Amino acid sequence: MAEEDSLKRTDETTIAELRELVSEFVHERNWEQYHTPKSLSEAISIESAELLENFLFQPDSHLPADIEKVTDEMADIFVYLMSLANTLQLKSFSEEVYRKMIKNRQKYPIEKFSGNNYSKQ
Amino acid sequence: MAEEDSLKRTDETTIAELRELVSEFVHERNWEQYHTPKSLSEAISIESAELLENFLFQPDSHLPADIEKVTDEMADIFVYLMSLANTLQLKSFSEEVYRKMIKNRQKYPIEKFSGNNYSKQ
Amino acid sequence: MAEEDSLKRTDETTIAELRELVSEFVHERNWEQYHTPKSLSEAISIESAELLENFLFQPDSHLPADIEKVTDEMADIFVYLMSLANTLQLKSFSEEVYRKMIKNRQKYPIEKFSGNNYSKQ
Amino acid sequence: MAEEDSLKRTDETTIAELRELVSEFVHERNWEQYHTPKSLSEAISIESAELLENFLFQPDSHLPADIEKVTDEMADIFVYLMSLANTLQLKSFSEEVYRKMIKNRQKYPIEKFSGNNYSKQ
């Protein structure tokens, strides 16, 4: 994939394409041996904490002046998540998301949770 | 969106469609007020730890017998990540991923990192 | 140790006593094999996220009505931390804390950081 | 407190002394305003991930060559934990630990869990 092309893409990109992007990166470096489900879960936890660090001791409304610090960590989390989907050989990660969202709709019915902070329930 | 349809989808689903799915879920419950960048970063950290919990005190090769325990947590992380992309009004989250992968390729050149565990470098 | 006695103790308890309490608990169950530095670090991360979950989507001033939910997680983190000190056979964990506090004082001199949120620096 | 003295201490140090050490550090910088329960929980999560990072993509037996990288993160977690005990004005943090250990003994009776990885139960 030419890198020049990649930056022209928008969110019309499919999960399949992004999984392939990550798979290629891992394969080129012969890193499949390190990308076990357990290690990838650790990596996701670590990158999530690096995302959170941008907001530590800041008010709830805070955004870092340099937004790239935030989007870089978001991308890291996503890349490890796609690598985990690849390692687990999930037929369709999107399907897992749709399935979970059905569960979420049942758990949080609109009439009961509208405007209600669900962690208070 | 009919829920019957959703489960037929595959990873041909685009990031834009998944962002819209999450946006609708949040909007229907009037939860935008809770989905600040800081709170979403906390939520991602918490869900990541729940993913990791499936592997605690297990060998590196471990997979839970019930794979849905893993894919549910992966979906939770992804949903909060897409909600963060929405809150930040990112024009294209995929673009951020492609941009970060270019950085990663520069940081980990194939010739130097092939088969090498990069955390050892 | 009689459990009746233990609840009479106050914060005059030493780190040595608490390390011993944890060591005994782990040893009685023959769990040393699971308490590797890596696994204990994972456990600490997971318990920390459970602590944080008490505050998710809440204002900065929030405290759960049931404070025991918070102190239970704090104790879990502490217990794994002491088990890690034991596994690493640290001669004195307190010494490590004093040493790190000296570093902290040098990194955050009072005259420069008084009243200043250091993550902004 | 003279820094020369501090390094002579051993694990005979009490929790009360360590809480006082942290309290003084926070007070001197007028940082009580930042040390809310929520923020301290975030800080503990972030430091835990930094501890875990020392073991990422490594075998279960791994220890970094430079052990200070590990003990520094352990101290950071402990310091924030003591600051949380201070913010919550816990009469005795040790008591909370003893109380939780009683719960743990009931949850994991020796006869049932000896040599058994409890996450498998």
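Per-chain residue numbering starts at 1, and chain names A, B, C and D are given in the order in which the chains are listed.
To be clear about the criterion, contacts are C-beta pairs under 8 Å (C-beta built on N, C-alpha and C of every residue); 3 or more make two chains touch, one makes a residue touch a chain.
The chain lineup, named per UniProt: A, B, C, D = Nucleotide pyrophosphohydrolase.
As the structure is a computational prediction, the values presented were derived from the model and not from experiment.
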item	value
Chain pair with the higher count of C-beta pairs in contact (A-B, B-D)	A-B
Equivalent of C-D within the choices A-C, A-D or A-B, defined by over half of its residue contact pairs recurring	A-B
Averaged-CA centre spacing for the pair chain D and chain B, given as whole angstrom	29
Centre-of-Cα separation between chain B and chain A, whole angstrom	2
Where chain B touches two or more other chains, by residue	34, 39, 42, 45, 48-49, 52-53, 55-60, 117-118
Chain C to chain D touching residues, read off their complex	3, 6-7, 9-16, 18-19, 21-22, 25, 28-31, 33-34, 36-39, 41-42, 44-45, 48-49, 51-52, 54-55, 58-63, 67, 70-72, 74-79, 81, 84-85, 88, 90-105, 108, 110, 113-118
Parts of chain B lying in touch with chain D, wherever the complex brings them together	42, 45, 53, 56-60, 117-120
Footprint of chain B on chain C - complex, ascending	34, 39, 42-43, 45-46, 48-50, 52-53, 55-57
